[in-house]
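Down below are the structures I want you to see.
Heads up, the next two complexes both have chain A, just with different partners, chain B and then chain C.
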Partner chain A sequence: MIALEPVTVTSRRRRIPMPRWGGREGMAGWIILGVLVLVALLAPVLAPHSTEAIDGSRIFGAPDWSHPFGSDDLGRDVFSRVLYAYRASLSIAIGSVLLAMAVGIPIGLIAGYAGGWTDLVLMRAVDLLLAFPALLLAISLIAILGPGGLVALLAIAIIYVPIMARVVRSSVLVVRNQPYVLGARARGASHWAIVRGHVLPNAIGPALVQASVLMAFAIIIEAALSFLGLGAQPPTPELGLMLAEGNNYLTQAPWVEIFPGLAIALSVLAFNLIGDGLRRSFDPGQLAR
Partner chain B sequence: MTARLAYVGRRILLTIPVLIATSIFVFLLIRLVPGDPVQTMLGIRATPDNVATVRAQLGLDKPLPEQYWTWITGVLHGDLGQDFISHEPITSLLGVSLPITLELTVLAMLLAVLVGVPLGVLAAVKGRWTRRISGGFVVAAISIPEFWLGIMLVLLFTGVLHLLPPNGWVPITQDVGLNITYMILPVLALALGQTAYLLRTTRAAMLGTAGEPYVAFLHAKGLRTRTVIYLHMLRNASGPIVTVAGIQFGVLLGGAIVVENLFALPGVGRMVVGAISNRNYVVVQGGVLVIATLFILVNLLTDIVHGLLDPRVEEAVAR
Partner chain C sequence: MSAPLEKDGQEDGQKGGTVGAAVTASPTTASSTTASSTTASATAAPILAFDDVRVDYRGRSSTVSAVAGVSLELRAGETFGLVGESGCGKTTLSMAVMGLLPDRAQVSGEIRFRGEDLVTMPAGRRRRLRGDDVSMVFQDPATSLDATFPIGEQVAETIRAHRSVSRREARDRALQLLAEVGIPDPAARYSDPPHRLSGGMRQRVVIAAALANDPDLLLADEPTTALDVTIQAQILDLLAQLKQRHGMTMLLITHDLGVVAQICDRVGVMYAGQLVEVAPVDQLFAAPRHPYTRALLQALPSRAQRSGRLAVVEGQVPDLSEPPSGCRFKERCPHRMPVCDTTPAATPAGAGSVACWLETVDRATNVELAEQVGGAA
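The block that comes next holds the complex of A and B.
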């Protein structure tokens, strides 16, 4: 079920049904995300040390007050590196999903609203991309384009376009036959006006839920790519890369592995909680369960 | 029965264009590399003669449709080309690596099903606290990336408890016990997230059947609660569970790429990633083709099983 409250025709501004916070869990997710975004933005202010300052006296230094997450194999401060790494993680996660939405939502809208051959052709193309396991598709694209943060963003966006298109299409199929859409058409509204004013606002809910879940995955995929040496390159502070670099000294300096991993899990958790919250507020039927 | 066969037949026919398109994508993989792929592969020190030889060997000097035809006939005859570094045929590389990937993913999926489904049933039928705990477990488990979980498992089982080897691999033909020992941590790392997904799906599907009139009827008939749950409700809830398990298998194949690299398991994922850094495109091509094909076949199988479990699916397709 999708929230199908009809958009009032009298109001000038079409209101996109904005979700509520989505209960305690959703709220927790938004708060964690808010803090993480602040941390990423304020990294230059918050970081106690430079991310690249090599300190020979602190190689594998254990956590202490001035280095809460310890130091790595070059004596660099792990805490400062994690703060900066959030910038890359969050911007790639959010950027890739926004890019996928910008391409996938119009495809889904057109396919669902037009139907017929347009739908068939668009959806077959979309299904072909879905025929690949996500990470394998990303890796294949990186095999072609070469490793790098921007390539990772692009690869993740390409994986997500078909998912977005599918989700939007299926809710458009429901909305398209609603009385208010037929009414608008009878009134002589143009297709463009109907899609923009009625179909999109009523079909966007599931896409937003999907977006937050996809952002959670994007963080994992991006970290995985960097972990494999296919994403960001050293000496960039990046969470997956930090895990790969520290893995050889795991028992010697476990903090180099523990904290960046916790950082990944925390941001993924935030997006997952937000996704659950959004799902609930768009689908009150689930609340009963 | 004929409707059932027609459903299976139609589903198989629908898979063929997907396989063809996948093969075209994989074929283009080498050809889409910016610049001269052969030069990139061989490095700057390669003589023009070398480059010309390899190019001819790969058939890159012929028109594209002809190249595709030659390549795909080779593939269908079990010839995926040659590793240009070790000069071994790709198929013999896959002969070693594919069973490892399969062992890893199948064991992980098995573990996830054996743990996730019963827990999901439990979470659906027991009280509020079981639900809360299982809900918390699900959100936490799907938020932990499998490679970090793997690292933490190594830290615990190798670093602290000294119970299991941190990484490596022994062929199953050499020593079954040792082979399993090396597989435990990778399988655990890979299975946790899947367990959570299956738990969540099972719980939702079970709750979906709980309100159905037949459940009330079976209870009224005097059947034991356990029989109603495991024989009737679970059977009716199996559709979504099978579908999600099938979809998740793709995620598992992706996750295996990372886990194999973490635990130094010489599977297909490790082969592909290693080949990317060596610009060994023919190996990348072979590995990607095999994993993608496997994924497509699993999806096909999932749909067929789903259809057999729930006859309404074939009817919906036939209509």
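The block that comes next holds the complex of A and C.
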């Protein structure tokens, strides 16, 4: 009589939106980032030309099929250089934030959980770092150690340590007063077990959000340092460096400037999307569902 | 009887003569059970003893005296109910036993667990006691379990905190415990996060974790308050059963006299940080002696008296940052006397004890006594 329509089971799939990864927004960010990382890794395969091959016939050559992003003042292929530049930019961005997390998270955890004098001493030390303007701190470090990609990574990490520590500490302050922490103590769990098992997993959310935002900033800081000649040194292909060079020829050959700029924007967008997605997933309202 | 609350030396002489009279005059409902438990207390060492315990919360501008001189002994194997309204210090007292009070709380007096003072015990040894010999069940199972932690792991965590067992052994034991507290299909639920379970089931998990190392003493702080009534009864049954099976002593903290009547052997009534009356359950309900206990019982809605307004205890709980001197109930007490400005000592009454001047002071001699006390102070 009545033909029963097959019941769709889409609702079931919908219920697992991977909240920890940042939902739909975060997914877009992860995909872009994934592609960029892949591009960086596969640069030797993907790049149509050598990054240092100077071609006198193509000085300020406009974009065409074999040189999609055009050529620069020495006739080098901008597309190939951008692909390689992602290697430096992404590794500095991700590396500096990972380093900052490795140092900052334990500081924040200890300060927030222990409280009292420990907290006071650790946080004043962190405040001291925080008091310096970020770029000034980086520049003075570079003045001491000399310019270079690794130094830039280290400088950015030092800028980020106090930020990481503060973010973690503030969420630890909330988490450590939760009844489940008291419950764990009542069960006789040691401080180490509580911090590792209960405090860290519950306090890490905001730190991860912060990390993705900081990665976006790291790319910008690193580009700024390179722009000022304090980061990677020529002829290394590097986004900030390329911007600095392209800056002089903006009116004659805008592609020398625009494509590295877009490349920076795209990577910053990816990190920001991930950050926004994560922020939303760690929202208490979302977790309750 | 148990250690009396003696503050001022001059009270002793007055008390000696009147105690006997108070005891014989009291309409004691001493049944065989209360009589036997009284004799037991005289011989068996108490598992937990409070001796003039005080807890002060130090604030910026004021100090709140949350527990003011509580002396009490728990006998091994009994279920002791501690009742009182919110803020009377019953939770503070249990947290003092666990050593989980915030840093700004200052504890004085002695809390002896099997003869050993917990207050002065080193933190490391105290931690090893928690969850092992002394366990606690909290009020709200929704928040006392970690949402990011599988329930089974939270039980296993308790075992691994105290026993050097393999992950696998801890898991097996946790599964066994989950089954014992009535979680259906524990193996399937083991890895579930707490929010997949109902409130009652979560409280069962909390209880399983508390029992993991076969504690001798279980503190249950309002274990049923956050649950609905039918689940309450189940959880109480479960606690009573487990207490029997494991031979535990249980300190049950509640504001629900119905719960007390259901599973407790003896009851302590707290008011504003003071322990005003201790008595076997049947005696407390049949013949409450302290005016506050009487007022509490009168405020219970009863089946016999369906109509009319519910009795209330007049007045307000005193501000504990500036507690009144002497008996803290005096301002709401219908029997207030001048002598109430001095703290009354716990006086034996039937099979229990009462901290009230009515027990020791004959109304006729009250004025005279008050003058003496006032003169001495």
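Rule of thumb we're sticking to: the second predicted complex is superposed on the first by the 260 of 289 C-alpha atoms of A that agree within 3 Å, B and C clash if a C-alpha of one lies under 4 Å from a C-alpha of the other, contacts with A are read in each partner's own complex, and residues count from 1 in each chain.
Criterion: a contact is a pair of C-beta atoms (placed from the backbone, for glycine too) under 8 Å apart; a residue touches a chain by one contact, two chains touch by 3 or more.
Given the structure is predicted, the values throughout are model-derived calculations rather than measurements.
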item: Partners on chain A (chain B, chain C) - clash or fit; value: fit
item: Which superposed partner A:75 touches (first chain B, second chain C, both, neither); value: neither
item: Touching partner for A:224 - first (chain B), second (chain C), both, neither; value: first
item: Partner chain(s) touched by A:135 [first = chain B, second = chain C, both, neither]; value: first
item: Chain touching more of chain A, residue-wise (chain B, chain C); value: B
item: Touched partner set for A:184, first chain B, second chain C, both or neither; value: second
item: Which superposed partner A:193 touches (first chain B, second chain C, both, neither); value: second
item: First, second, both or neither for A:63, with chain B first and chain C second; value: neither
item: Touching partner for A:261 - first (chain B), second (chain C), both, neither; value: first
item: Per-pair minimum CA distance [chain C against chain B, superposed on A] in Å; value: 7
item: Residue numbers on chain A that touch chain C, as the complex places them; value: 115-116, 178-180, 182-190, 193, 197-198, 201-202, 287
item: For the chain A and chain B complex, residues of the former touching the latter; value: 25, 124, 127-128, 131-136, 139-140, 142-145, 216, 220, 223-224, 227-230, 240, 243, 247, 250-251, 254, 257-258, 261, 264-266, 268-269, 272-273, 276, 289
item: Of chain B, residues touching chain A in the complex; value: 17-18, 21-22, 25-26, 29, 32-34, 139-140, 142-145, 147-148, 151-152, 154-155, 158-159, 166, 204, 207, 250-251, 253-255, 257-258, 261-262, 272-273, 276-277, 281, 284, 288, 291-292, 295-296, 299
item: Residue numbers on chain C that touch chain A, as the complex places them; value: 98, 100, 103, 127-132, 135-136, 138, 140, 143-149, 154, 157-158, 161-162, 206, 209-210, 212-213
